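Everything below concerns the one structure shown next.
For reference, chains read A, B, C and D in written order, and residue numbers begin at 1 within each chain.
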Amino acid sequence: MVLGSAKFFVRTFQTRNASNVAFIGIGQMGARMVKNLLKKGQEVKVFDTIPLAASSVPGAKVCKSAGEAAKDANIVITMLPTGDIVKETLLADKGILKGIPKKSLFIDCSTIEPKMAQELSRISKENDVRYIDAPVSGGVTGAEDGTLTFMVGGADSDMKEAEPVLSKMGGKIFKCGDIGAGQIAKLCNNLILGITMIGTCEAMNLGIKLGLDPKLLTNIINVSTGRSWSSDTYNPVPGVMPNVPPSKGYEGGFSVPLIAKDLGLAEAAALSCGTPLMLGALAHQIYRALILNGYGDKDFAVVYEFLKGQKK
Amino acid sequence: MVLGSAKFFVRTFQTRNASNVAFIGIGQMGARMVKNLLKKGQEVKVFDTIPLAASSVPGAKVCKSAGEAAKDANIVITMLPTGDIVKETLLADKGILKGIPKKSLFIDCSTIEPKMAQELSRISKENDVRYIDAPVSGGVTGAEDGTLTFMVGGADSDMKEAEPVLSKMGGKIFKCGDIGAGQIAKLCNNLILGITMIGTCEAMNLGIKLGLDPKLLTNIINVSTGRSWSSDTYNPVPGVMPNVPPSKGYEGGFSVPLIAKDLGLAEAAALSCGTPLMLGALAHQIYRALILNGYGDKDFAVVYEFLKGQKK
Amino acid sequence: MVLGSAKFFVRTFQTRNASNVAFIGIGQMGARMVKNLLKKGQEVKVFDTIPLAASSVPGAKVCKSAGEAAKDANIVITMLPTGDIVKETLLADKGILKGIPKKSLFIDCSTIEPKMAQELSRISKENDVRYIDAPVSGGVTGAEDGTLTFMVGGADSDMKEAEPVLSKMGGKIFKCGDIGAGQIAKLCNNLILGITMIGTCEAMNLGIKLGLDPKLLTNIINVSTGRSWSSDTYNPVPGVMPNVPPSKGYEGGFSVPLIAKDLGLAEAAALSCGTPLMLGALAHQIYRALILNGYGDKDFAVVYEFLKGQKK
Amino acid sequence: MVLGSAKFFVRTFQTRNASNVAFIGIGQMGARMVKNLLKKGQEVKVFDTIPLAASSVPGAKVCKSAGEAAKDANIVITMLPTGDIVKETLLADKGILKGIPKKSLFIDCSTIEPKMAQELSRISKENDVRYIDAPVSGGVTGAEDGTLTFMVGGADSDMKEAEPVLSKMGGKIFKCGDIGAGQIAKLCNNLILGITMIGTCEAMNLGIKLGLDPKLLTNIINVSTGRSWSSDTYNPVPGVMPNVPPSKGYEGGFSVPLIAKDLGLAEAAALSCGTPLMLGALAHQIYRALILNGYGDKDFAVVYEFLKGQKK
């Protein structure tokens, strides 16, 4: 496959500085993204509803509201848990729209419903602000290392303007199409992820119960047709790979509620176009059942433990 | 991960010739495997219940029964559709046991139930024949190119003796454990395959229905957490990859009944040890429903067409 | 179980006439409901966006808009396909709110999201109109015979006022709780229905393929633990029961898109409270796959045909 | 539906005594069945591998082996956990065939694979013993009350001979067809049961989480299209019905491993004829996951607790 034939391009780190950048949402992901911006020489004003979170980023200028952070910014970035929270952060009394200058660029890196991205775009346009959606993949590790993948939807010129700042936090930027297309690409990817991880857990569990060595089985799968990111990069069985959450008690990583959230967004998108997600719908329910049965704070690969069984 | 720490080893092609090799079952896979044996200078006696099939391998010596082919052979290889057929081919009136010399090695490359492999081993031992199970992955392409992966179960010395002849047909040989362990590894791999392919079809279909370009979406997935063999090597959407069955009307390739068979074997194995296969069981049923609804002669990636929808 | 201990009560037909009733939405259900109102001596003004539909109810006064029908009405009933359409019918230029007098009662019999019922209630209250949700079960037959079951949510006094007119169209009225509770009860019932029907189809298909007589198997199930409405009242196998859609080419009845819609509403409700619907989610996807594969205009029991298989 | 047109008939209790009856397998079901035989005046010789079990039936003659019990018996009844155990009990050193007189009738009431029923029939015939399969529905309560339903497969004359003794233990006898047909009918019924129970649990859980009263919701479902044995006779929510296992801590009743076993048998039968069981396969996996997660000794309605959620 000739990659050049698709709209694929990779940007190396650049040093041109967007003079004023605001970053709203300093959680697990946001804090690491801001650190990379700072490290690459970009000044950043930050805000989080939890004051301690915002102050966890030494070198950034901590603001008392989203509106204050957005003041004078030509680029405002958000990294927040849900679409409703992004909307609230935009519209609130001391929200982004209260501070952001006309014509500035609003880049939402949160994972939200494609429809909400369109609504945020509409609200932005009504206030003479430009909007692109730019959700990421790569997780906490990608955020830490500055190797996130950005999936971007919006106008070509806006996307071009976003590149220098996004490239300080990530290694790849995909232009996916119109507003919301970044979100759609993200959901499609995570839909496969949520399914493939459970499938890998089922097969590893089966093989181990039947006497196979976990590392040997992993080696076979990883050079065969069952190979995937879930087997070769994030193997769910404790001890197979040393530095992934499954080998650390399923602590950290990508939590069950987060994959459940993404599968819920995929289902809502599928419902809007009458598309069946047979395994996707079931995977979604499995993660939701795990939340209710004591696994809500674990990495999503913990489905292996559920399948293996834990006598009460 | 240090591969050496697991029982993993790769053999390059070797030229030592096992003086007498018989090969029973000259179908899509078997014919190609025999051609590679011949190409590497190994003489082969062959048999198939369909005379035309056996005669499709120029250079091989065509025999009139499995017993005749096995006569004087120190290695007898079978590549047959089901465990029951292997057993029948072993025990029949003019079957393998009627011809195979004492102490010879019987290598079954068919994909069958692990329990049947144990039964075949027992029968072989009672007749003073050594047995190993050696199912393959890599499909018709791997058989054609001589790059199959063999997953082998049995005694170490038997496995060592099988290596020179197996390495003429494949690039990798995994010793999985005792008798049946090769079958277990194969089933675990194909279980993931059957699930991940459907998951990939669901996500590609969703993205395309929502307006994404299929090649772009593939590019994104292939550098993200949704990456798998089903997306980067055998993409199910017509036109994304030029030389795979999905781009050729889902003709050839790995048929729906074959993946359904493997998932059925995985389920039987799971039932024997009380292991739940939640997505695996559903994937199995989906393939079975496809067989009944007009897709029985297509490549298994045709699940994409089913999800996309075809008005009657 | 003492039924009286629950909030269960059944009303027999009453003759007191609500002086002015408007009925909006004269489809398969609405037309039959109006006919029963007329038969019991209740005058009705009707409106439908399709003029022919409205004129299919001889004896009713056909109006040119929802607003015109609602003028002077003390009770306005809607029976419409979706929550969005009900909202539009309420708020449109010539919509219900343009005609309905202050303090009148708006009874929505449509099946919609519980959240939308709450929104409709809020809008009604802002316009000094009282609102209850009153979805029905019993289908076209129940509507025809005047034996519908109403599941009602709202204020006690409003529900009491609705009784005389509802009882002209149905045999049972359940007060389920606050606004939206009628919808919740309806969705829970139809969730079971959608699952049980598929389960019954799977078992009938299995038994018949293994040689059992369909009527005999039905008789056994109907006195055993597999008994349900789907087996004893609406058996999905053609010929088992003479007058149900499965015996009439799966024509008429409860269409696949309608059960898919209800399962979608159930899933949305489940998502809102983090409740897993494992079989429900899969049943939903099965019906959606049927719509895309040529069964979109059939009765929902047609899942039997899909499982039985139809070679293309 | 005219019941007479199907092979349906109900026998009232009869008093004619089969002179010699042996009963093998004195568990939860068997003990209660024997007590009813004794109460109706039938002498019974009994055997169980657990001596205490056999001695739990006062009035029966306890034997030291199946062969001893079968000696001089013209009817031998088995009620055992699996097909393999029945076969072992037949063929063992002191097994049934060692004692049973030629031409006697062997009635197997166990729930086993239809194929195993055919094998047991073949073995019986080779030993000049007549065989019918006669699995039951009705559970422990039906066994206690003597109201079991028998689903019988075999020769008409054998079935006729079995009637007087079966009717002492049950209220209904269905002649389903040839050998194994009784098992097929049983599996089809329990397949629906396993699915419908989960569906009912999902809907009850959803309704209750959204604020509905459990008894009210039950009342609505029981007069609507969601009605089934799982809702109106064995409601899974504690407190809705006073005397069922869900109201007694899910103790007693029909255990999770037993329904899982029956769904496994249904799947094996479905596999043999290429029939998809989409919800059935998933229901099977759900019950198997419950066994592994601490619910293995509970009544199968405990799936309600799993869906409701139990924080670890």
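Following the convention adopted for this analysis, a residue touches a chain if its C-beta (ideal position, glycine included) is under 8 Å from a C-beta of that chain, and two chains touch if they have at least 3 such contacts.
The structure presented is a predicted model; accordingly, all values stated were derived computationally and were not measured.
Q: Centre to centre, using CA atoms, which chain is the farthest one from chain A?
A: So the farthest one, by centre of C-alpha atoms, is D.
Q: Distance-wise, how many Å sit between the C-alpha centres of chain A and chain C, to the nearest whole number?
A: Computed value for the inter-centroid distance: 40 Å.
Q: Just how far, in Å, is the C-alpha centre of chain D from the one of chain A?
A: Centres of chain A and chain D (C-alpha means) sit 51 Å apart.
Q: Quick check: what residues of chain D touch more than one other chain, meaning two or more?
A: 275-278, 282, 286, 289, 291-292, 307
Q: Using the definition of touching given at the top, classify the network of chains in this structure as line, ring, star, complete or other.
A: complete
Q: Taking the complex as given, what residues does chain D use to touch chain B?
A: For chain D paired with chain B, touching residues are 264, 267, 271, 274-278, 281-282, 284-286, 288-289, 291-292.
Q: Note which residues of chain B are touching chain A in the complex, please.
A: My answer: residues 1, 3, 5-8, 114, 137-139, 149, 151, 172, 174, 176-178, 181, 184-185, 187-193, 195-196, 198-200, 202-207, 209-213, 215-221, 223-231, 233-234, 240-242, 266, 269-270, 273, 275-280, 282-283, 286, 307.
Q: Report the residues of chain B in contact with chain C in the complex, numbered from low to high.
A: Residue list for chain B touching chain C: 282, 289, 291-295, 306-312.
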